[in-house]
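In the two complexes that follow, chain A is the common piece, with chain B as its partner first and chain C second.
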Partner chain A sequence: MSDGQEGRDWRDFLVGLCGVTMILFAILTIIYRAGTLDALNTLRDLSPMLLTGSPQWGPLRGGFSTNIQISLWAMAISLCLGFLLGTGLISRYGSIRLPSVFVMNTLRNSPWLVILYAMLYAVPYEIGIGRTTFEISPEVKAIIGLSLPTLANIAEVFRAGIQSIRAGQWEAARSLGYSSGQITRLIILPQALPLMLPNLMTTYAALFIGTSLVVVTGANDLLAVARVVIGSGAEKYATAIYIYILFVYFIFSFPIAIWTRRLERQVRAGK
Partner chain B sequence: MIICDIEAKPLVRMNAVLKKFGQLEVLRDISLDVREGEVICIIGPSGSGKSTLLRCINGLIEINQGEITVGDIRVDTLKTERDFIALRHQVAMVFQQFNLFPHRNVIDNITMAPIKVLKQKPEQVRERAMQLLQKVRLVDKAHAFPSQLSGGQQQRVAIVRALAMQPRVILFDEVTSALDPEMVSEVLEVIKDLAKEGMTCILVTHEMRFAREVADRVFFTDRGIIVEHGPPQALFDHPKDERLKEFLMKVL
Partner chain C sequence: MSLDFTWLAVPHYQRLLLNGVSTTLQLSLFGLVLALFVGVAGASLIHWRVRYLSPVLTTFVELFRNTPSLVQLFFLYFMLSEMGIYFLDAETGRRVPVFSGFTCAVLMLALSNGAIAIEIIRSGLASIPKETVEAARSLGYSRWQLLIYVELPLSFRMTIPLMANNIVSLIKTTSQSALIAVPDLLYAANVIMSDTFRNAEVMILVWALYLGIVSICIQLIHVLHRRARIPGYGQ
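Moving on to the complex of A and B:
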């Protein structure tokens, strides 16, 4: 990896960061004109509420912290189940492969918002097991809803990663006597995982941006908090608040995008 | 060249083997015996089933009919992975594209299978691996990764990897075809040495000079059948079948 390319990453990162910040700020001044300073002050005062769901920066009760938590849980679940479904996609046995392909395609091609609405009605508010009842919070519904399409995407990433390893590797490993499990663990996965990493990160970035949809399940995320705040006296600054939300999403997602690009290049160079 | 004991039981035996891919019969009525210490070369036009034939011998490809035995093992009836491990101890294979594991260094490539599959002691395997690397003059590359080696070096490592399994027979599948011309001889030299030491070798090859020099017997295959076979001098100097004559015209 040459320093030049790494330097270019940093340059792109700073240019993007400053550029987007300036553009959003410009929009803010065009809309609020003389009131821009007041708008900024309001945003500063509302920041703890919007980011943590509580007025004093904690405890974490909602807002952007909820988006991050939902995305992390959904990603963890999707990784486990996605790899499982992905193994199904490359199974030698049609009785496993065909249902897997069907499930993957169904989930992958469903609109996220529709799945989330479906969660709202399909998953009950509480589940009783024996005498105890478990409450299913809107956040849990959001996590399940976002996991479904994401795990399908991850299954595809997994399949593509495994199949990008040349058939000769399987052949050589088999002729040396490795069992299927050993081949997967010792030969294929160590080569395929680095190849999958950029795609997994892209999937996470999409999932993260998708968390803006969870408001429909009733989860107390950034958008939900914003709507409450706007409804309780900050109507005047509604536009400013939405611009702020855009900015927060950008600040979180943009570094992931830059980092992904860098990994992709490293993977290509390592080939 | 090794003088073979004609009475000895063959090490590898294929009897009336049929292999189909879908409707296409890629191997038909293939029968051949290979005795311990023999060097066999299989020649023929591309698409004649040579590589498939090799892969049947070590069970990478299942056959439709016929019998294959290596030593005391019936290859065509092996089912479980555990059954196959015994066969891996007898038959090793070297590939056209080397197929070293790119994420492991040379010594790991060589020692992993004996340690993980044959459950041999790591120190002993390592020591044997270094001796073998010495033989192919690659000791200094023991900790290099495959991508840091030339094609010829990679192929020599692949041969050592096969030898580390201490097999009784090694299958070579066009092992020089992917090499730059100047690297072909270093790989062929290694195979020649093996042959001299009495290792049983079955080679699919396009190197006719090598086949003539090293092989005990040469088999010519075309469209899935063995058309003609015999000692190299007879086959190359006095070919009988028209197809073989035509083939030799093209390649010599």
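Moving on to the complex of A and C:
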């Protein structure tokens, strides 16, 4: 059975990839008509700039590589803080649970762009510890701004994952003499983590797609580089460049989406 | 640090904020209606397995779900303004672009959240028990009647929580239209901040306004969810 499913995943993946490539290419030809080849050549020449931020494929100074770095840092931070907040969400004590729920809802219901703008003004340009001052780069602000809504999402995933484990597991473990901490660490988490994995991947995909917004903090991401490139002589190919950006994001996040779907099915089948 | 909200007393800023709120609400409303329309039409076509059309629609759904809405917005804005479709204003004789920033933002919301709506409604359609569909068929319902009277209402009622997420995300996404100079709430905030330099206060107020709009919407959906619950289903 799993072979057939796996085959279908591959088919979905290839169909989606080819289909989207064809659609984007069709739009490109409709817009540029005879100039399509020129547009493609321009995109090829601009690729190193857009992907790495430097004209010769390196060093990594911006562009798409910055998006990937920001997303990984933000994910690492959100995983730690999200699990912490998630523990607060399932706390027995109302004095911990209610503030946690409030923080989670507030962060989840605010637009990401507003949070990023708020970080732009809330986080200082530099902080001094003793004599040395650390400059806070726009990328760090972007990481903080993206971590806030993401950690709220992860907290909610964590809560749902823990609470999907049957109460019988707790009771059985307690009757065997395990302490609360031991039960969580040895019995609940090993069962709950695989259940959370698909949702965590969805959260990462959303975070990755959200990194397009960091352009407002002044980070040198893909969109920022694209705007500079368009402003310095490539106005004619603005549409082509945006099609290229759509394609780059798609290539990165579509495999994650397909993989998530597969994991989800496996989790459901294993239940 | 002390917060100073005296700028709120200036009528000019009040008007900016009110206009911003109203633009945000309009964007959400138009975007929501169009996204639901896209969702229902797309999901029905995929559900019926219309030849040639449903694979294309599935591909569109994948494209819009896996790319940032901000890039979609910029893309639409640049492409549509480059195509240069104008209409002549009869009174002033000026050329007015058909696709203003507002239209582009609404289109973006309709497409990107519509793609998610397609997925949601389609999953609802797929989860309707076969017996229900067969019963309706044996009562002589045509394909259209089956869809309109049986399948779509059930699908909507079963997927309210998912659709609520989509609607909340749509309202949050409207803030991105500020980046193509649509005068929505975030844009008004930027104008006021560059005038008064009261960044913290303006940001807090705007954040609270967005939270208010989203919370009211969530409460409305809660009420709807309670009313529309299918008795005995899913418990």
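The rule is simple: the second predicted complex is superposed on the first by the 270 of 271 C-alpha atoms of A that agree within 3 Å, B and C clash if a C-alpha of one lies under 4 Å from a C-alpha of the other, contacts with A are read in each partner's own complex, and residues count from 1 in each chain.
The definition used in the following text is that contacts are C-beta pairs under 8 Å (C-beta built on N, C-alpha and C of every residue); 3 or more make two chains touch, one makes a residue touch a chain.
Since we're looking at a predicted model, the values are computed, not measured.
Taken together through their common chain A, the two structures put chain B and chain C side by side without a clash. After superposing the two complexes on chain A, the angle subtended at the C-alpha centre of chain A by the centres of chain B and chain C comes to 100 degrees, rounded to the nearest 10. Touch criterion met: A:Ser253 reaches chain C, while chain B stays clear of it. After superposition on the shared chain, chain A has more residues touched by C, the comparison being chain B against chain C. Contacts of A:Thr133 after superposition on the shared chain: neither chain B nor chain C is touched.
Of the two partner chains placed by the overlay, neither chain B nor chain C lies in contact with A:Asn41. When the two complexes are overlaid on their common chain A, residue A:Pro190 makes contact with chain B while staying clear of chain C. Judged by the touch definition given at the top, the superposed model places A:Gln5 against neither chain B nor chain C. By the touch criterion defined above, A:Arg174 reaches chain B but does not reach chain C. By the touch criterion stated above, A:Gln182 is placed in contact with chain B alone, chain C being left untouched.
By the touch criterion defined above, A:Gln163 lies against neither chain B nor chain C after alignment on the C-alpha atoms of chain A. Nowhere in the superposition do the C-alpha atoms of chain B and chain C come closer than 19 Å. Interface of chain C with chain A (complex): residues 55-56, 58-60, 62-63, 65-68, 70-72, 74-75, 78-79, 82-83, 168, 171-176, 178-179, 186, 189-190, 193, 199-200, 203, 206-207, 210-211, 214-215, 218. Residues 15-16, 19-20, 23-24, 27, 31, 106, 109-115, 117-118, 121-122, 205, 209-213, 215-216, 223, 238-239, 242-243, 245-246, 249-250, 253-254, 257 of chain A touch chain C in their complex. Put simply, chain A touches chain B in their complex at residues 166, 168-169, 171-180, 182, 186-187, 190-191.
Interface residues of chain B facing chain A in the complex, by the touch rule stated above, are 58, 60, 81, 84-85, 87-89, 91-93, 95, 97, 99-103, 112-113, 116-118, 161, 165.
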